[in-house]
Structures are given as structure tokens and as C-alpha cells.
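You will see chain A twice below: alongside chain B first, and alongside chain C after that.
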Partner chain A sequence: MAPTRKAAKRSKQARKKSPKKSAKKSSSKRSVKAESPKVAARRAASTATDSKGTVKARVAAAALSPLAVCESDKDLQAMLKTLRNQDEPVKVRLAALQAMQAASFSVVAFESSRGDYIATLRAIADDPDPELRQRVLGILAREKDGYAQKKLIEGLKDPKKALVPPEKALQLLSYDVHADAYSAARDIVKKPPDEMARREALRLLAADATAAPMFEKLLRDKKELREVRQIAASALQALKPEKMQQHAREILLDKSDYDDIKATSLTALTQFGDQEAIGKDKALLKSVDRLSAGKASAKYRQSASRFLGKYSQ
Partner chain B sequence: MPRVKPASQLSEAQFAVLVDGLADDPGRRDLLTELLHENHPVYAECGAAAVVRMRGWILVALARAGVPDGALIFLLEELDAGVDPYLVAAAARALRSYPRPTETFAAFVMRALSNIRYRDEPVSFEAYGEYAMSAAGTSPVQELLETLAWLGPLARGVLPELMLLRAQCGAGSRKLRVDIDRAIRAISAADQAISSGTLACCGAPPDSLPNTVAWTASSRRDAGPIGKVVLEDHDGNRITFEEFFKGKPAIVVFFYTRCDNPMKCSLTVAKLAHVQGLLDAQGLGERIQTAAITYDPAFDLPERLRIYGQDRGVRLDARHRMLRALDNDALRRHFELGVNFIESLVNRHRIEVYILDSEARIAVSFERIHWDEREVVTRAIELLEEREPGAGQGQPRSCCSSSVAAGPAG
Partner chain C sequence: MDVELQINNGATAATRFVSWAPSPCRIRVTNPSGATSPTVNVTIAGVSSASGGVVVFRAGATGAFANSLTLPVPTNGTTVPFFVAGRFGRPSVNNGDVKIEARVGATLVGSVPLMVRIRKNANALTAGERDRFVSAFAQLNNQGLGRFADFRNMHTNVSSPQAHGVPGFLPWHRAYLLDLERELQAIDPSVALPYWRFDQAAPRIFNRDFLGVSNSLGTVQFNATNPLQFWKTDGVQGINRRPFFPTTSAPPGVRTEPQTLALGTQYAAFQTMEGNPHGSAHTSFGGSISSIGTAAKDPLFFLLNCNVDRLWAKWQR
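Moving on, here comes the complex of A and B:
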């Protein structure tokens, strides 16, 4: 709708009355429009690395600064300095780490910053703050960094040197099959500091081809923790599927074994079983049929019906 | 026989002392080259990271002592397919101590630059096993650019690629731009030297590098005991070595599914698929067999083999198989495979491709440097023709190094 003459006049008068206000408004609009993402990011990086600012403001600004880190060496160095500085609040350092990590996802733009970034991460891998340390080691471990792997293994062998709890170290080492962690993991299985560490060690050993006999033993040990037996079942399926098939059958025929272990065995047979052999295995089919109609849990009954659906025709 | 004690008798610290000693003793320096063979017992039961530290230290020692002809192939191999920053940086540095640089080196250095540029990180050569804790020192990209500058006029062929790299540098890449500019200036300045005729010649590289070896029919080793070794294929079918390989020539590559270097096993198996395509295109898919054999049979079970091959486009049937040996040691001995292990896991391996004749004997091997699919197919066809009377049987064939002469392939 076209504005009326009166309205236009009123508007003109209003502009005449408050020229400064309207000029300011339009200039502010222009500046919002004019500020490119790069400029905004650089401003944010400057705020994030300014030790005079509040923690809240700096943390918020760090989240907006990854682009600046990629674009400006000065901002990169300032952000890394903040990250390294133990006198800075941990929240700010963690935010700086997150900003650096976000920037590193832009692989091409981050190309020439990578060296400084990796060196800084190595330098603070033994930082007094446990959260920062763990996150830094996590980033380095995902990069399959030799330094981080060495430190993690040293910590597993000598708890006094440990930078993170053993279960975390094992989890981080499992990112790289070539990390040479099997020997340390085996020692932990033999003499675990706690149950969590033992479970992580077993998960790591699930890629160790020589560990199959150990997993067979764990799977068949009814006194063993059920979660451990589940880990053993999936490890065995990966390492020696024919052995898993054999044990799965025996577990299913064993009336005294637990439902969840039977459900896992059923899944292994349903997914990977030999169609012809199982189809002819009357004892097994009868056992699964009988158990599926019994007092078993819904999860087990569901697994049983899938199994029977595949093999009992 | 290796003249250096195996790792079980040497700690890493002792190994470092040994390497330093060899580098300082001109009479025993050639042992450094011997130590670069992956299957040397010194690497047995060492972790992959330890192998990197050990090999890297040998390269650093060679950088100091000078690179003999025999060690050159190991440096070029690292530049061609290496992805470990420490090893690539050490190889680039060592290459600068080779007395007779050639234009071919520039292509290897440039290839290494493309492989490593997004994995660049600080490295330290100050002490054995040391990790850089600051970016003030060197890095693979810096070493590679310095090597290009060292090559000077010999790197003219890669100047356009280097200019492109310069143009791609991000706004924050001031340091990288400075290093690239230095290399460009060195190459261009030397260019002027060439045009004014003032540049001295650098000498010739060795005539042949042992990356491709061919044996005449009369000099080929019989399959021997390997013939009875049982192989299992991607479908779980079992067949002896002899049953599969005797009767037709075969192209054989080695790999393992857990290899984390995309320039090695994954690429090798993808290239095998290309080889199969080339054979099919000439109607030879039934007359020349192909096989990819895993180094890691304990982990690479039939299903893993099948999926790995299929994912890379490999044709799988009775004549073309992914295989694992039930007796891996026999296979290692027969092919003298360039591989070593910690327990059953590979800790380091080279690229290796073999062509077997119709008697299952090794006729040609391609090692370390990326192989060219067409060349492999051509060599396999020659073996087919060898069976026909008067078609070259028994004619001597010397070693050749076509891949190196042409620069990195693939």
C-alpha cells in the first residue's frame, strides 16, 4: 500500500526533529551489515584472549573465534597463549581449547596452524587441571599422536605417572590399533586396579587376534560379570566367529545360563550362523523354541522369535 | 644374514647408540642401509611407534653421514607413500645429503608435500625418540620445501605445482608462504643460472634402483615347500598355493586390512582392481590370475577379506581371489616379504607386488615405490607369451627401475 501524503510528511518531520538519533540508528544498521564474519571473529578472539575481561564474556567470545584463529597468526598465537597459561581461569582455557578444536576441523584453512596447535597440546598434556589434561590427550589420541600414546602407556605401566585414569587411557589408546597397548592391557586384565579399567582393557583386546582363547574362557565362565561376558561374546565374534558359533550353541542348550547371555548368543547365531547346519540342528531349535515360550524376558523372547523365524522353516 | 643384533637383545636406547656409531664409522656405514629393511630382525616384536622412532633415527644418521646409493630407494619410498610426519621429515632431510640429486627427486618431494601438508606437525631430530614440544623447530613441510630449494633448477618441473600451493595458502599461512617463496626463489634463481650457463652439473644418479627386479626363466626359484601351503580365500574356500598359482601367470599383491596408511594397502588393492580391468579389456581376465594376500591372516578372516576387496572394486571369483595363508611364516620366507610384526600385528611393511609365472615361480617383483598398473599388466602378458615356443624363454633380463626413472606413479 502506498503511503499517504500525510504520513510521508510526518515521517519527514520526525527525521528533521531527531536527526542525530535516526543517523545513529542507520549507522548502527550499516555497521551490523558491514561487519564481516572475519571481523566479528577477530573481535571475538580479541575478547576471548583479553585477560581483563570477565570469564563469562571470554568463554562466550571464544565460541565465536575459530575463524579468526585460521585467518590470523596473531589471533592464533594469542589463543594458544591463553590455552597454555596456567594462570588463566580453567573455563577460559577450556573454551580456548574448544575454539582451537573447532578451527582445526577446517583442515585446509588450518593447515599452517596445525604445527603450533599440536605442539601446544603436547606441552599441556600434563597440565595440573585434570579435565583439560583429559581433553587434550583425547584430541592428541584421535590424531594417533606418538607422544600422547607414549605418555598414556607410561601411565598404565606406572600409575604414579598416569595423566588420566587407567580406563580413560585404555579408551584413548584403543583409537589406534598400532598404539602398542596390548601388553599393558593384558597386565591390567591380569591385575586390574578396578572393574572399569578391566572392562576397558578387555574392549581394547577385542582387536587382538591372540586374545581369542581368553575371551572363550570369559564367555563360558558363569561366575564372571555379565557385562564382561557380553564383551567377550562380541570380541570372540570378531576374532574367531566359528568359535563364537560353537559356544553360542552350547550356551543356548545350557538351561542354567543367563537370559541376556543367551540373547547375545541368539543374536550371533541369527546374524552369522550357518543356515544349513542350524536349520538341521533339532536340539538347538527345540531348546530355543522351549525357552521362548517360557518365563524369559521380553528381549530374549524377541531374539528367540527372530532366530526361529530364520531357521525353523 | 643380518649383521646387527635383533631387538630382543637391544633396547631402543642401545639401538640409537648403535646407529650413531655406524654413522660415525665410514667403514661400517653401509650397515645403516641394511637396517632399513623392514624384515630385519631388529624390528621384530617392536611396536609400530618404536619402529618409526628407530627408522627415523637411521634416516637422521644418514642425513648426517651422507646417503649411499643403496639407501636412496628407502628415502624415495618414504616420500612416495609415507604419512608419518617424523619419517617424511627425516627422509626429506636425508635426501639433501645424497651427492647426486636429479630432477626425478622433485616429483617425489612434491608428492610427499601433497600427502603430508594437512598432517604437518613439529618434529625434533635433537635426540633419539624426542617429540617436539614447540613449533620453533622443523616439520615435514619445512623439510620438504627446504629440499626443493636444495634441488634448485632440478625442481623446475614442479614449479607450477608449487605456485599453486602458494596460491592456496590461507590468510594465516604467513610462515608457510615464506618457506614456499624461499623454495620458489631458489628454483627460479637457479633457472637464471641455467640460462646463463653458469650452473654446474650435479652428476648422475645410480643407473638403476632396486624397485623392480625381474628374473629370467632359467634363474627363477622353484615354488618348493610353499606349494603345499594352504590358502583360504574370501569365501572360506581352501586351496594350496600350488593348486591356485600353477598353470597360469598371476599378479600378486600384499596388504592387510588394518593398514592405516591410505597410500599403501588400500591403494594397492584399489590398483589391483584397476589391473583386473586392464586384463579384462584385453580379454585376459581368464588367462592371467590375480591375488591379494594378507600379511595379517590371524585377523583378516574371509569375510573381512571379501568386504575389503569388494569395497575397492576388486573382482572376486575362482581366478581372482583375496587370500590368507594358514602358514604365514612359510609365505614370509618364500617371498622374503618386507614386513615385520609385533605378535601377529604388522608393525611396518613396504609396498610389494609380484608376478608369478605359470610354474608359480616369482618372475618379477615391484617394491617400495608405487607401481604402474599398465607396466605390471605388460610384464604379466610377457610371461603368457613366454610359454609359447621361441618367445623369449631363457633370455636374460636385467633389473630395471622404470618407476623411479619416471617419478612416483599412481
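Moving on, here comes the complex of A and C:
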């Protein structure tokens, strides 16, 4: 009986807030349709922040509440309180965070709330829940927030202080790369805690001009993981495009290299190649012709055909 | 006898693209040999390949469209106007997969290939359409060194007060997308910006051949044949996108198309869609697409807003 009484009480409260709607008992669908988006959003925000509601209902309501968060300081503060409160279910807090983030897209309306929002995010950046922590640090990192960047660098230097795994910290630091981040990434490439961290460190170093020789070496190392070689190819194409074109050519002429790396090389040449030079390169064209007619997968053969279509005139 | 068909009132290949809206066209006799009277009746009709686009015609700016049209055309070279449009539901797949043929009696006197080029659901593109779009986008970005950098720099926290949370949200993004689409078409004229219907599952968008698959960290991974593997913005390699919904089987929990269109008949009510579904679609991911300042780093951003634009266009009708 208790839940029924609670539900009835909530329904009564809702009717008090919106007396005009209470008359339409016969069709809840019709009553929702008649409600303006703002009224519906405020009702949703009220449900989302009501700790007596079910998790499912609160999560669903949070998704409909961004407009209320923009329009009403009371709803905003209630949502921030829910987000900060460690006693609230994590699912509800994550939904509140998502609603706040969606509301932040309404820049003008949200502007006066931005300070409180960012302050709340900083306050929960070290929350016990890892998923919430990661999402919060992600938002702050994309805002190039100095506090978050400092925490991420600290965590890379001293794993005991780490709020997220090193690979995530590197990924988030890539939104605003500083010298400190390069230094931490170099250290991780030298002594990686795991393969994922190494890959993210390499991705971050792809913007570091001094890293080009390392990427050349990785690209040509047949014992390397395919994904690492792919990162190296992309990095090299950006840092030293002429070197990448040269290596791509050599990889395509090398009968012992792998088809997927040949496909990456082919894609680099098709997209960014020197039309005149490649058009005259008979050895390369012949090699790609072999790939297009060989035993490679249909995708790679198709890729080879595209290359030939562009360069083999 | 020969006639020239001018699509969009132009005689070059660049003008030979039509959509559902009527395009102004002209026809004129360029070689009157064999003509015995001051005017000649020319019948124009579309000829389509199996999966090609279909075009329809009418003589004036108003009236019903028909599959063919007979026009009296002066043999002295004076142009005669007419209108052509794609038949709704029958767009092209490839450039030139439909042609307009002009005949005098049974004799072919002119022909021009064209394309019914429209924005399509990205989840339903053919492999060829998908690959052309991805290739054009990668070339436009050119690893952060191409023209795309301007578009990336246009959508930031600095420009945001003009573009978000204000009545200009929808028109700002419409103009922005149209500019981007024109740049893509300068690279490959057969490309149109596709849309991501964020209220439907879209497994064919979130795969390694198209906009990539996110690993557990949110780093997007591509096949070796996908040029987006070379994507770079702000000097940083790759795309970060961590979905909070199962991309291969379900959409994110955002307002559906009918719910969005039912927001209200007044613009003030409809524009609240900026929060949900628009903002909610953005924040159904972690990663760059979930914040205004970094959203345009992810190509998916343009497909998301293309759907927002489509919803607005539908509401406007």
C-alpha cells in the first residue's frame, strides 16, 4: 500500500503545480500532448530530482528535463544537488549529469549557471564512482579546465593519485595538449603499463614533430600490432607526408608485408598521394594491380581498384 | 537536328543536379538541319538505370508534374523554359544514373545525364555512396590542414552564443551545414550530406567502414580501407566517441521524430528541440561530440545536425 500512497501524494503535488492539467484524467496521453514543452520539462525535472521516485522513472525523467534546468534556477540547483549527492543511485546521478550537459548546449540560457555547473563538476571529479569520475573529467577536459588537466597529469606521474587509468588520462589530455602531456606520453611509450596506454600515448605524440622517426620505425616493424602501425601511418602522414608516401610505396612493393597495412598504405596514397608522381610509377601500379587481382579480401581488392581508377590513366 | 538541354539553366556538368524541388531548365535547338517549320515539337522524358534516379517534368512554375513533356521549340535557337524535379522516393545512387532524352518523333535529338541528389538516411546508403562521402570528408579535412579546419573553428565556445540557445539555432546550423555540403560537393559532386536518424538504430553508421566503432576507451577504430583512419583535428589524431547506448541495436533515448514534430506549431515551442532531441543526442555519447567546443571534431556531428535540419524542414512543411 505504501508505494500507492506515495504515488498518490506525488500525483496530488503535481496537480497542485499544474491545476489546469489535473482535469484531464481520462487520457494521460492527451494531457501530455496539451502540456507546453517548458511545463513538461519542469515536471520531468521535479521527478528526476525526487529521491522518493524509482531509479527507472528518475532516469527517464532526467532525459526530458534539460529545458527546465535552463529555465529555472530552482530546478538547476536541485539537479546539481542530485549530481553531488553520493547517497543517490549512480544511474540517477549519471542521468542528471547527462541532462546538465544537454542543457549546456543552450548556451545563452545556461550561461548564468555555468559557474555552478563547473564548480560541481570539479567537486565530484574525485567521486568514488569510476564511471561518473571519468565522465566528469571528460567534460572538464573538453572545456580545457586547468584543474582537471592538473589532476590528470598528477595521476600520470603518480599512479596513486590517478583518478582514471593512464590511457584515459592521455586521451583526455589530448583535448588541449601541453608540453607536460608530451613528456608523460613519452614516459609511457618507454615503459607502458599496458598496450592500451601505449597506443593512447602514441596517438597523443602524433602531434609532436620530434616523434616522426619513432613513427617511421613503428610503421615498418612487421612485428608490431596492426593498430600501432596504423597509428604510426596516420601520424607520419600528418608529420612528414613525403616520408609516409615513400614508406607507403615501399610497403606496397614488399610482397611479405600484411594486406591490412598495404590497405592503409593504399588509402594514404589514394587520399593524399601526388597524382603526377604516382601516375608515372609503373612498379607501384603493377604491384597494386597484383593486389587488386590477388587473394586479398574483397575490401582490399576494391581499395586497390579505387587506387588504380584514380592513378592508372 | 540537335537540341541542348540546360539543367538549372546551365549547360555544364556542374549544374546537372536536381532534388525534389523543381529546377528551372531550358531547351533550345542548336542545329536546325532538317527542320521544316519555325518550331518543332520536342518530347523530353527521363531514362533511368535500374536503381537510378527518376525525374519528372512540367512546363511552368506551377502545375502537376508528368513523366514526359512535349514543348514547341523554335528552330532559331531561342530557349524554351521548363522545370524538372526528382520523383519523390526515387533518388539517384550515382552521378548520371538518370538522363533526360529529347526526341522529335522517334528520333533522339539530345540527351543529358544528371543526378537526383538528395540528403539520405546515412544508415541506408549504398557502399558506394558511403565510401564517396567518407572519402570527400577525409579530403576536405586533409588531416586538419584542409578547408574543414574553418568549419571546425566556426563551431566553438566563442561562436556558440550566436548558434545555441537562441532562436537562430536552427538557421545558423542550416547555413553551416549547407556550406559544408557545398565544400564536399566541390570535391565530389555526387556527395550529399547524409543524416543520422537518432531515433532509430543505425548499425550501418557505427561500423568500421563508415564512422567507426568505439573501443572501451572511446577511441574510434576504422578499417584499413577507411580514409577516416587519417582523421586529425586541432593537431590531434583520431576521434573520441564513447556511446552510452548499444549503437548496433538501438537508438539513444531521445525524443522520436513524431514527438519532436508535435512540440508545437509555434517556432518558440518547436525550437525547444535544441535540448531534446538535439542536445540529448549529443550527450548520448562521451567524447568530443558531447561538448559544444569540441563537437565539430567528430564527423558524426554533421550527420546529427543534418537530422536536426531535416526535422525542422519537415516541421516547416
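Criterion: the second predicted complex is superposed on the first by the 270 of 313 C-alpha atoms of A that agree within 3 Å, B and C clash if a C-alpha of one lies under 4 Å from a C-alpha of the other, contacts with A are read in each partner's own complex, and residues count from 1 in each chain.
Following the convention adopted for this analysis, a residue touches a chain if its C-beta (ideal position, glycine included) is under 8 Å from a C-beta of that chain, and two chains touch if they have at least 3 such contacts.
Given the structure is predicted, the values throughout are model-derived calculations rather than measurements.
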Partner chain(s) touched by A:Ser113 [first = chain B, second = chain C, both, neither]: first
Contacts of A:Val177 with chain B and chain C, given as first, second, both or neither: both
Which of chain B and chain C A:Tyr311 touches, first, second, both or neither: neither
Which superposed partner A:Asp73 touches (first chain B, second chain C, both, neither): first
Touching partner for A:Phe215 - first (chain B), second (chain C), both, neither: neither
Which of chain B and chain C A:Leu64 touches, first, second, both or neither: second
Touching partner for A:Ser104 - first (chain B), second (chain C), both, neither: second
Partner chain(s) touched by A:Lys150 [first = chain B, second = chain C, both, neither]: first
Greater chain A contact set [chain C / chain B]: C
Set of chain A residues, in rising order, touched by both chain B and chain C: 70, 107-111, 144, 177, 207
Of chain A, residues touching chain B in the complex: 69-73, 76, 107-116, 118-119, 122-123, 144, 146-147, 149-150, 176-180, 182, 207-210, 239, 241
Residues of chain C defined as touching chain A within the complex: 131, 135, 138-139, 142-145, 157, 160-161, 163-166, 209, 215, 217-219, 221, 223-227, 229-232, 234-238, 240, 244, 253-254, 262-264, 269, 272, 274-276, 278-280, 282-284, 286-288, 290-294
Chain A-facing residues of chain B, complex: 47-50, 52-53, 86, 117-122, 131-135, 139, 168-176, 258, 260, 296, 298-299, 301, 303, 342-345, 347
Touching residues (chain side chain A, partner chain C) in the complex: 33, 36-38, 41, 60, 63-64, 66-67, 70, 98, 101-111, 134-135, 138-139, 142-144, 167-168, 171, 174-175, 177, 196, 199-200, 203-204, 206-207, 226-227, 230-231, 233-235, 237-238, 260-261, 263-264, 266-268, 270-272, 299-300, 302-303, 306
